[in-house]
Amino acid sequence: MSNMQTLGVVRRTIERADPAAVAALSRFGVATLHEAMGRLGLMQPYMRPVYPGAKLCGTAITVLLQPGDNWMLHVAAEQVRAGDVVVAACTSACEDGFFGDLLATSLRAQGAHGLVIDGGVRDVQELAQMDFPVFSRAIHAKGTIKATLGSVNIAVVCAGVLVNPGDVVVADSDGVVVIPASSASQVAAKAAEREAKEQQKRAQLAAGVLGLDMYQMREPLSKAGLRYID
Amino acid sequence: MSNMQTLGVVRRTIERADPAAVAALSRFGVATLHEAMGRLGLMQPYMRPVYPGAKLCGTAITVLLQPGDNWMLHVAAEQVRAGDVVVAACTSACEDGFFGDLLATSLRAQGAHGLVIDGGVRDVQELAQMDFPVFSRAIHAKGTIKATLGSVNIAVVCAGVLVNPGDVVVADSDGVVVIPASSASQVAAKAAEREAKEQQKRAQLAAGVLGLDMYQMREPLSKAGLRYID
Amino acid sequence: MSNMQTLGVVRRTIERADPAAVAALSRFGVATLHEAMGRLGLMQPYMRPVYPGAKLCGTAITVLLQPGDNWMLHVAAEQVRAGDVVVAACTSACEDGFFGDLLATSLRAQGAHGLVIDGGVRDVQELAQMDFPVFSRAIHAKGTIKATLGSVNIAVVCAGVLVNPGDVVVADSDGVVVIPASSASQVAAKAAEREAKEQQKRAQLAAGVLGLDMYQMREPLSKAGLRYID
Amino acid sequence: MSNMQTLGVVRRTIERADPAAVAALSRFGVATLHEAMGRLGLMQPYMRPVYPGAKLCGTAITVLLQPGDNWMLHVAAEQVRAGDVVVAACTSACEDGFFGDLLATSLRAQGAHGLVIDGGVRDVQELAQMDFPVFSRAIHAKGTIKATLGSVNIAVVCAGVLVNPGDVVVADSDGVVVIPASSASQVAAKAAEREAKEQQKRAQLAAGVLGLDMYQMREPLSKAGLRYID
Amino acid sequence: MSNMQTLGVVRRTIERADPAAVAALSRFGVATLHEAMGRLGLMQPYMRPVYPGAKLCGTAITVLLQPGDNWMLHVAAEQVRAGDVVVAACTSACEDGFFGDLLATSLRAQGAHGLVIDGGVRDVQELAQMDFPVFSRAIHAKGTIKATLGSVNIAVVCAGVLVNPGDVVVADSDGVVVIPASSASQVAAKAAEREAKEQQKRAQLAAGVLGLDMYQMREPLSKAGLRYID
Amino acid sequence: MSNMQTLGVVRRTIERADPAAVAALSRFGVATLHEAMGRLGLMQPYMRPVYPGAKLCGTAITVLLQPGDNWMLHVAAEQVRAGDVVVAACTSACEDGFFGDLLATSLRAQGAHGLVIDGGVRDVQELAQMDFPVFSRAIHAKGTIKATLGSVNIAVVCAGVLVNPGDVVVADSDGVVVIPASSASQVAAKAAEREAKEQQKRAQLAAGVLGLDMYQMREPLSKAGLRYID
């Protein structure tokens, strides 16, 4: 199979990550999951929640948009199943408002858990009132057209990360992370391990133990040549 | 009349948009008004409210500032009538703090409904407490001088949009839109039509009807060559 | 003494600003302090609080980080005394997440009043819940390594401002300002004077007096050539 | 007449600046013309020549494009007369490649002196070989569609400056300046005056006279409080 | 196979695009190839040649770097075969100088045709003198370390485009395009067709035929509602 | 002495780096000098030459400008001695054209070797013809005023680097580096050592030796866990 992206295609049958793994992943924050993946999978930091406290977790319905054109978001809505998150990339950088409260109403009616879009959105006050979580590169009222085909459920690059349909997408106030469907349970397990360790560390640090001691950094620092002066 | 901007001029007599039309426009959001104008009139998306929930509607008192110099904002204050919004452009890009709580106190005392400035502002906590709505390109404490003339109530380009004194300016969490005074009632009427239609659409989408069907997109998508695969 | 920055050094003995002066400075906002310094000392406006309402005041523990490496933040934690603020610069621009809730827990346990970092941070929801004030150039979940030495308590340039260990750092919703330790009381005194004057001005402006009259601007404006037209 | 921009309109009859004034303006650089206009009329500095040495002067055929759509450039080509410069704005920020060597060939055949576009262009090596001067915000190979109407020969805001059809546009390695048609001769005259004075100044400065003395700055500097220390 | 990126891996055996197809592709410019791919495959426009006239074509050796760390470029050098182009992505945005004339000397000795790097490079004058083509997001002298593993010859996202080892990379003054290995001959064929057509079009346009007529746009423009006014 | 910057001061007596050391430093490129300083001293990469091939080396006359105001550049001209480089910082970010060919003529007449300015400049074609090297953050024709005091020959932060009067500034196509006066000979010596070693390395790499072997990286890579697969 070629890795060449194709325009004008909607894939109806996708393999979603195991629901149990998705549920497990939903209990962790983005920073923890990114660490559990070996420090990979993060979208670029310009992707921000459009209202405070927005967070989401779900399986990706991917969309490739054309600049200033949101036609494919309507096509994508039909492919949404309960628990999906729509992940929209664009063939070139565009901050127009591809998405607003009408599309949010539609996606929610189809069961979507939110939207991640490398573009602009509008109606952000209504999105906040609906508590429909959206992570985007911009807020912009600019309307879009419906003229050119993109694709739905092909591999896309969104904000610097490859996303395949069915991958798990988790987003919170720290950003957006993508976990390949086939690694979902493994990453959830590692995240749990990491979080357990962090609890212990947090308690020690709160009690005044220094990271220098807790992580045994004094010797490597000294070897690296660190000098203390007065 | 030349379209050449002139420095050192204050126009005292301006033609403000019809108050009834302004009142009508104030009931709509920025995205709706922008659509009602045929998708025009939007400032660039870097213009953001300086506190959550800020919104404003009023007739423009326009100001052309010099970089790092807020002298003309004091000159503009005298021209403000109840219901005006001060719209400040700058002769070159500058994020200094041209505006703070003292000027906000003054503008409010003169009846202003808020400020839109293609520059920086400060005292944003005080502005939030006063609920004096400000939309700006930056928040910056940097003080400014009073040394060089600009103008008041000439045509200015603010964040990419031409603003004439008396035009209607509406801003909310989706951005800032400018409606020419002469088009105010017409745009308000179109906005009302649009909003009525949107209510119906929202209900259908909430009930699970797809945009593909509601907007009858299936045939044009097929003609454009969209293929469904499994 | 050379002004050449040195890597691999931790200065344990620093001269902190007078605690009474720090207490005095803590009562003022960033804009006022910046004015009291003669309009100097401000970091660039990309430095923003990571949660609404964050503010801090304290004496600087300075850190020079390497890109993608937070080792020196652990070294800095040991140097923190009650009332200090950690100020972290980086040898080249980097938005990775150098800091999160574990380090915040540790810094707080050592008595730190907050962090100012010309880089990224993560766990911002936890930081908000802890009310541990952080001002940064970015929010980014990207993890960092511990491999290369920087320094602690040397002079650093953070977001465009020179910071020496022991200087006073004040940050609020208007930005971040740095007051040299040796100028702390003097700046506090000037800030008090300025604030007293501003109270009077605010009252006059609220009563409808124009800045044009209160500041006696009409004559200089006229001399500069300002013309009023109708 | 409303200042509301209209989509879907081509104005065939425009009033171009006086050819003699255009010829006069063509002898000056952008910085000189901007000064002669009272320091106004400059586009934002992100507008750059796409090859070294590009420069142009002509009367504006204005175009309002839609993002990712270059249809109206073809419509504009028909309106070009010998000596015109096409000035293209876009309804929202877009760096797609709206223009390449084919359109350059066409515009040249119609007599155009170049292009100023607040968007992207491609085929820049061919443009350099043709010596067809183009000033743009980006170089980008991304292709565009032909689907949505904009307008030709309406007032547009391009890179922060209002441009009316028939205005004079001058661009060189210092940027792009727009001179209203009605001010063209007046600006040319002032530019000539300024240049004459600059020749004298240049000679004095080259001979070692200081600007402090030539411009008689010592007294105002001293009054402003400048202190010399050793 | 998972689409999860893995760190610490070097793939020695990769499938390069057919040499004949690579040779065919090398005759076309980036804009033409991007069109021949259906307007896909372009890196973001911030990727620029580090000296004028730089151009390259070859098969990708992919590298995933860590910020501020160029260790993997040395690892990649061993995998280079004559005609390869090194394509380097980074786990987070970093403009440090990962690459200079020593590495260029080494890559050339191994047969590389150039470098595409989503990061900074240095020694650009030497690179120009060597005529070793490099396309990067920044020029920066900042040195890098060799401390953390990335990978070589895994799928990477570079400047917004997915690149698999063995894909064809073509870069010139219009940007950088990536053609999947499996599509190389097909894209070359389409590019040839396109170029042939463009020659005819160029001749007509040069003779003064308008695009409006040559592309038969008058009817669709009229249907879309375009109005001509005087 | 306080590290508080003072406005309105011109220091006439500064201690310049040893001329022999400056001469020694002038033989090296920016990347080499930055390495010789322990990877410090580099300005941010947005500082670029305004014409190809520009390079400079000299002792710093420092200037602190106000936004949109170039008064202090005239004051600085008087302090220039043969071999100096003017280094101009600004109290807040500003891309106005603070400097053009007249000031270049004056600085050259006083013996200056060039200008480094964290702001904009104009007349770049004339600067190229004069071969007067300038490194700036922007090219912009926007004129500036002469109204507010800054300072000359105080410590300034320019593009992220602390510069003291008398420090050595070296700039070429890789950027700008600042070497403290007191470290000048030491850095020149280290640069010479480094360059000698690089010559040997270059020869080996050109002969096909891999960096992996020349730098003995295979063992540390293996210890770090690097795996080769087919």
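First chain written, first letter: the chains are A, B, C, D, E and F, and each begins at residue 1.
Keep this in mind: a residue touches a chain if its C-beta (ideal position, glycine included) is under 8 Å from a C-beta of that chain, and two chains touch if they have at least 3 such contacts.
In this text, all values refer to a predicted model and were calculated from it rather than measured experimentally.
Looking at the partners of chain A and chain E together, the chains they share are C, D. Chain D and chain E touch with mostly distinct residues; of the residue numbers seen at this interface, under half occur in both copies. One finds 32 Å separating the Cα centroids of chain A and chain B. Each chain gets a centre from the mean of its Cα atoms; for chain A and chain D, those two points are 42 Å apart. Multi-chain contact residues of chain D, defined as those touching 2 or more other chains: 39, 42, 52, 91-93, 95, 140, 142, 148.
Contact between chains, as defined at the top, is found for A-B, A-C, A-D, A-E, B-C, B-D, B-F, C-E, C-F, D-E, D-F, E-F. If you check the complex, the residues on chain A that touch chain C are 29-31, 34-35, 39, 42, 45, 48, 52, 172-175, 177, 198, 201-202, 205-208, 210-212, 215, 217, 220-221, 224-230.
Only residues 66-69, 91-96, 140, 142, 145, 147-148 of chain F touch chain B when the two sit together in their complex. Against chain A, the residues of chain E that register as touching in their complex are 2-7, 37-42, 44, 91-93, 155, 157, 160-162, 164, 167, 179-180, 182-183. Chain F meets chain D in the complex at residues 8-13, 52, 71, 74-75, 77-78, 95, 97, 100-103, 105-106, 108-110, 120, 122-125, 138-143, 146, 148-149.
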